[in-house]
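As written, the chain order gives the labels A, B and C, with residue 1 at the start of each chain.
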């Protein structure tokens, strides 16, 4: 039997992993919502539950942070990491909600590409969180997220050019753009998560 | 006569109270602006003066923070609290200004509900600030603000559904949505104030 | 020959100066883009290169910050200063990119005023950065930036009133407003740079 001297410390890693795994669930719900016109309200409902779960994970981290004297890395970095993981979820949930709220029947095809970028970013983030414990093999993670975010940017700009290309009326442009903007904000928030991880890793090295 | 050993420390509480009381003034001006089509330019002018007063309170807090070695709670929390109180005012002032600037004649009825949420949140915040001194009875404040913010969210989403429902032309949607977005941002900023107060209270407990 | 005891410390000032000088280049590209309908894609391309250069300066500062135990002023202030210089560039680049992406042929005349405010703010910022070293004559800089930002605000509001005045169709309003919003965000980011410099100077005084 192995005694652990700092049992409470460790669980930050578990909490970050919970929060990131929840993003994988959310991103997959988005893929489902976009690809399948079937039961949008049902999916948006699940997304809402997913976002509430995310709030719980975030609050648990913040509570722990406020109660701890000793933290495994800088308090400000823990705060930033938890906040930006939470931001990703908020943007994804908002996108799903707006699709239902605005009764959007059809989304431009590139939105599928946008959502696939989010799904991949969520998986990479979830795989990286446990590696924070040993600070190992993290650089491949943040390099790949930065690459994905650039790819997402290009998809986003193609989408804007299409939206404003004259095919859609102004009201439809307005609705679609808001959905697309939330998805783009989610991709940016994944990059912020990766930047924070990079910052933590550099300090520890 | 009672001597106070740390006379300069105390006034952070007074400055936060000043800033929050100013938000009550601002929220009431918004109620006036929305409910009464009468003298909109005059009310927007008063709102501008109110926002300038808020800037003064914020600068006073920041100046004090920069000059102090000892603070009643974490520097970063003081910074966050002052900034988010200031944000509320900025969003409320922007909403009032846009109503006048865009010459909006009629606002959807739910905007009244939105503004009433802000008024109530301002009153609760102003009542809570003096209680920071003793760190007493603050949890009821942040719980109520969170409840109000959820209520505000629902009003906001009903409003969006109405705006995009087909009744309004695109240009009108664009104008109204900007006003409504500023009011929603003000409600979110009140929640950020409450979250900061919660964070301060948890650390002190 | 003069020995410098803390050679590595000094280069923060150089890095901030590099970042701010890069903003002057960016602002001048914007002026060129707006005033000359000629080779917009070419100018937007140069702007993209300028933004990449800015990213490098920002990363260099962040890397140094993460590796340093001792910093010439508060870590959080260095972080804020670098981030807000980076934000200015991002907003300017986005504005240029949108002009090309949305194939905007003609911009309202006031956009020239908006861009001139940015150019002047960039020049003032670049001149101020080397003065951080001695903390001298900085107040005239931040006072002038605040004045410029107020002037920019007035131009921005006149622009909005014009956009929504009925002359433009909704889709055009939507496109133009996004460009104008990015430029306004750049002006706000310059003010944030100045506020951070003020905050640093007050602490050091």
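Convention: a contact is a pair of C-beta atoms (placed from the backbone, for glycine too) under 8 Å apart; a residue touches a chain by one contact, two chains touch by 3 or more.
Computed from a predicted structure; not experimentally measured.
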Handout entry: Fitting chain B to chain C on CA atoms, where both chains share a sequence, rotation angle to nearest 5 degrees
Key = 120
Problem - Type of chain A:chain C copy interface by residue overlap (half), same or different - result: different
Fill in the blank from the handout: Cα centroid separation, chain A vs chain C, in Å, comes to 28
Exercise for the section: Would you give the residues of chain B that are in contact with at least 2 other chains, written as numbers and ranges? Expected result: 76, 170-171, 174
Practice task
Within their complex, state which residues of chain A touch chain B.
Solution key: 62-63, 66-67, 76, 97-98, 101-102, 169-171, 174-175
Fill in the blank from the handout: In the complex, chain B touches chain A at residues 76, 157, 160-161, 164, 170-171, 173-174, 177, 199, 202-203
